[in-house]
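The two complexes that follow have subunit A in common; it is paired with subunit B in the first and with subunit C in the second.
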Partner chain A sequence: MNTIISLTGINKLYRTKEIETLALENVNLSINEGEFVSVMGPSGCGKSTLLNIIGLLDRPTSGTVKIDGVEASAMSDRSLARFRNNELGFVFQNFHLINSLNVIDNVEIPLLYRNTPAKRRRELAMKVLERVGLAHRINHYPSQLSGGQCQRVAIARAIVGNPKIILADEPTGNLDSKMGAEIMEILHSLNTDDHRTIVMVTHNENQAKLTNRIIRFFDGRQVQ
Partner chain B sequence: MIRFVFKNLWNRRAVNGWLTVELIIIAILAWIIIDPLVVSVYDRNSSPGYDIDRLVLLSVSATSEGTYRYNPAASDSVTVIDDYFRLLSMAAENPQVQSVTPIADGQSLEGEGMMTQSLSTETDTVFPIKMFFVPGTGFFSTHGITASDPKTDIADLDSRPFSDNEIVITRELARRLFHDENAVGRVTVPHWGVETVLVGVIDDVRPKSPMNVTTMYFRPCRPTGDREFDGTKMPVNDGFSIMLRLKQGVDSEKFVTDNTEWANSLKAGNFYVSKISSLLQNKRDIEEAWGISNSERIGSALATFFLINLFLGVVGTFYLQTRRRSTEAGIMKAFGASPSRIAVTMILEGLILTFVTWAAGCVIFMQYALKEGLAASHANVSYLLNESWVSHFWVHFSIIAAIILILMSIAVAVGIYLPARKIANTDIAYSLKEE
Partner chain C sequence: MITTKQLIRSALTQIKTAPLNTALYISGVALAVTTVMVLSIIYHVKLSPIYPENNRDRMAYLQQVRATKKDGSGMSQYYMSHTLVKNWLSDLKSADAVAVISDSDQPATIMIPGQEILYNAVTKFTNPDFFKVYDYEFIAGVPFSPDDIAAGRNVAVLNQNKADELFGNAEASIGREIEVNFKSTKVIGVVKPGSAISANSFGEAFLPYTAIPGYDKDGDVGPYIAVFLIKPGKTIDDLKAEISEHIRKSDSTIDVTHYIFNQPYTHYEQTFGSAYVDEDGNAKDAKTLGYYAIVALILLLVPAMNLSGLIIGGINRRSGEIAIRKSFGASRSGLLWQLMVENFILTLLGAIAGLFLSYVAVYFSRQWIFTISDSWVNAYDSVPELSPEMLLSPTLFAIVLIAALILNIASSLIPSWWTLRHPIVQSLNEKR
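Showing the complex of A and B:
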């Protein structure tokens, strides 16, 4: 199996005027291509911080991050942007859709930054929207959708650019159990059918049990 | 990308609607403020048609009969003319003076007196302003007047003896008389009724700064001590003026303060210098007398104040609006937008909004301007010409509109760029946490 995500000696220190928080302490982690991993732990233990570092949304204070064989610390902002665009898809707890754009435009965003022609963008976006079961809602705005539908749009946006890795931070955290189950079903299908690597933060033991591996954190340290 | 920018603008119309209304109002206010401001700045700074910077005027008076300084021995016409020439050459001896030329009493450029007299061809009659000059005294070069057609040579005009029926005219006058500028050698009939030959055409001159450029002609006259008033004579008994052209690099205002004593020392017979002033000072005095300087100064100060406020208002509005978009920037960045792309997109949105509102503001203001006219140059007396861009409606409109567009674009771009650069470079994790 190929290692696609590898973290070595990661520390993340948040400094504010009053206090310093060591959000991650000496984290070493490797995740294989095609794995579906869940990250668990109490609130404030550093799960989101970990995901942001894997997703190159944040830089560690020390340590090395290697994604798909490329070391992140060496990259400029511009090449980081391009790398994220090609390799990574994000799903957030509170969806983070752009409210001023309708469903299909939201889904097209990653392609926009790749300068994909408009017609091709539309095709690809339609395809992923069909996959998440929202092909009939393409002209709706986020405010006109339920939470579960919003999250499906967010998943469509995460996969439209065909990234190898999907990072999901409590993707079902704001949803009721039925909608949560729908989302999990989509994620599992992306993992098994499309062989995408998925790293998901969750507070739900049942969801976690269904993934390949559970990584547990406590106070910034990996405990399992 | 452009399509996305338009979509974003349209879909954010709840916010952008207000911005649109605000910007349209600002465009109209900008018209009201900027149009007169630009015209007045242009008027103040446009060339008078001659080189005013290094000119100094000496006003020469004569001691009047009966006072104890009066010298009866120097009152005969031969001595008067002698003294007149002596005073001229004394003035010319100042090491900072390049050349001098005599002027009929009170009739200098930027001076008080000025009269219009008719000039006719078979078909047209024009009423230009008349100025006297004394042939052979370097009148034209001392003033820094320039030739406007190839057949006219300033050095020739300076040295030409001139008969009584030869005159020099300005270009606009040539245009009015002959409908072209090729006037040298042609003939007109002036008010004195004798066919008069045009021996030179010079560039237009603005005789007084509050006036626009106007038509002028220059008639030769000869100094006399005989108190003889005839169109060809310049009686000097009661005084005259001397125009000084200072050497390159000499500041006329400083020259005046440094040389009051020298000026006081200039005496010949009954003549003495009663006043020394730079032409720039005379110009300011005239503007003051016409009530222009003061109202204009207050007007410009107010206008500038309002303009700065408007500018800062626009910058501030867009600053606040854009700062609120940090989550959006974070999302765009998470999905692969580079920081510069985010800033460019946001600025582009702002500029499109600016363009649309500017166009709307211009169209609205145009309705008013078509009825009431745009800002005019001051002192639009009937015999003055209006031949600058100021008086051509569409040229004028376009110039001011372009200035307003540029100012608005700068304000909007600055207002967006400052926060956009910041939010585009903020850590995404941090932007996404805010909400």
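Showing the complex of A and C:
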């Protein structure tokens, strides 16, 4: 099995005026290609921080991050951007869709930054929207969609560029259990059918149990 | 890279989501651009080739002359006398044509024999070369000839407005008798009108200066100015050298020394006048245009500073969107480009509005605005006409574009760059 994500000696220290928070403390972690991993732990234990560091949205205070064999600390803003574009797809708890763009334009965003021609963009976006069951909603704006639909748009956006890794931070946290189940179904299909590596933060034991591995955190430390 | 359609849509979205801010921004840009464009229009009209002064790049002017008695008994200063015109300006090898104009171009009275009505006309008493130096387009008839001037014939060329006023149309005017300053004169030509803004060439009636009684009664100085059309391939310096040689020869036989302040001046020097040439007529260093550019820049930078406040507000509202785009592969430089171009669309809207505002401003102030920097204000009471070439010129459009670009960069580059350095995660969390 190929290691696709490897963290060594990761520390993340947040300094504010009053206090210092060690959000991550000496985290060593490796995730294989094709794995579906759940990250669990109490609120504030550093799960989101971990995911942001894996996703190259944030830099650790110390330690090395290697994604798909490339070390992140040495990369310039431009190559980080290209790397996020090609290798990573994010699904956020709050969806983070752009409200001023309609569904299909939101989904096309990752393709914009790799100069895919307009027609091809539309095709690819349509394909993933069909997959998440939203082909009939492409001209809607996020404010006109339900939470579950928004999250499906967000998943479509995360996978439209064919990234190897999908990072999902509580993707069902804002959804009721029925919609949550729909989202989980899509994620499992992406893992088993498309062999994508998925790292998902969740508070839901039942969801976690269905994944390949559970990583538990407590107070910034990996406990399992 | 984001598509043009999306950029435009995104700019429009900004107008929708923050109409007050965008309206303020666009009006701010419009006002800033208006001031710059009013200045630009004034100097465009003064400097660019504008009918009938199409040859401004080849034109040169000789006006002030100082005459000093060689025995020190006196000094006088005005324009050239008729003798000086003959001695200095004949057979110039570096000029294609030399327009000689008498300064007596106060409104002349015109009457049609048998009618009681008294008309006024801004009148230029000049020579045939005037119509070579200035590209007056003849709608009917012909200019006066060297023969007319030699014989001192009372013939007149009218501009079309005056011809229409007197006789209804251009064709009907040709061959008609009029009385100019109570002297019987025959109309031989009608030209398409110039604008009173270009005072050097403007006239409603043009007559040979030899039609003025006593036109050659001479002193050491006189009433004549000259406008030269420099021969292609020759320079202003060739012309200067030639004229000063003529002056040296001419002065050697008389008891007066003439001094012409390093004239002839180019059109540029003539326009900028005392801002450009010192008392002795030496061009101050060619920084004048530079000064105007700096003034224009300040006129733009001061509002740009104020406008950047609005920009910061707008970008902060969009920090979530920016963070999302970054998460999915937008680089800082790519986003910077997007923000700048989007903002440029708004700036351009404001700049175009500013251009139209400046047209309105220039139109309503046209009677004084073009003489505001002139050392003497001409007494013409005819309202200066604005022609399309004065307002709709590629030069002016280019200046509007440049002004918009400067405003855009000055108001939004720093705020945009600063916002783009904001950490992604923090922006995402703030959006929550």
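Throughout what follows, the second predicted complex is superposed on the first by the 224 of 224 C-alpha atoms of A that agree within 3 Å, B and C clash if a C-alpha of one lies under 4 Å from a C-alpha of the other, contacts with A are read in each partner's own complex, and residues count from 1 in each chain.
In this text, contacts are C-beta pairs under 8 Å (C-beta built on N, C-alpha and C of every residue); 3 or more make two chains touch, one makes a residue touch a chain.
Worth saying up front: this structure is predicted, and the values here are computed from it rather than measured.
Per the definitions stated earlier, placing subunit B and subunit C onto a shared subunit A by superposition produces a clash between them.
After overlaying the two complexes on the shared chain, residue contacts for A:214 are found with neither subunit B nor subunit C.
Once the two complexes are laid over each other on the shared chain, residue contacts for A:126 go to neither subunit B nor subunit C. Once the two complexes are overlaid on the shared chain, A:77 sits against subunit B and subunit C alike. By the touch criterion defined above, A:55 reaches both subunit B and subunit C.
In the superposition on chain A, A:13 makes contact with neither subunit B nor subunit C. Of the candidate stretches 111-119, 129-137, 165-173 or 183-191 in subunit C, only 129-137 runs into subunit B once the two complexes are overlaid on chain A.
The intersection of subunit A residues touching subunit B with those touching subunit C, taken from the two complexes, comprises 52, 55, 57-58, 77-78, 81-82, 84-86, 90, 92, 94, 96-98, 100, 105, 109-110, 112-114, 118, 157, 161. Subunit A makes touch with subunit C in their complex at residues 52, 55, 57-58, 77-78, 81-82, 84-86, 90, 92, 94, 96-98, 100, 105, 109-110, 112-115, 118, 157, 161.
Considering their complex, residues 1, 3-4, 7-8, 11-12, 327-328, 330-341, 425, 427-429, 432, 435 of subunit B touch subunit A.
On subunit C, the positions that touch subunit A within their shared complex are 1-3, 6, 10, 13, 17, 320-321, 323-334, 423-425, 428, 431-432. Subunit A meets subunit B in the complex at residues 48-49, 52, 55, 57-59, 77-78, 81-82, 84-86, 90, 92, 94, 96-98, 100-102, 105, 109-110, 112-114, 118, 141, 157, 161.
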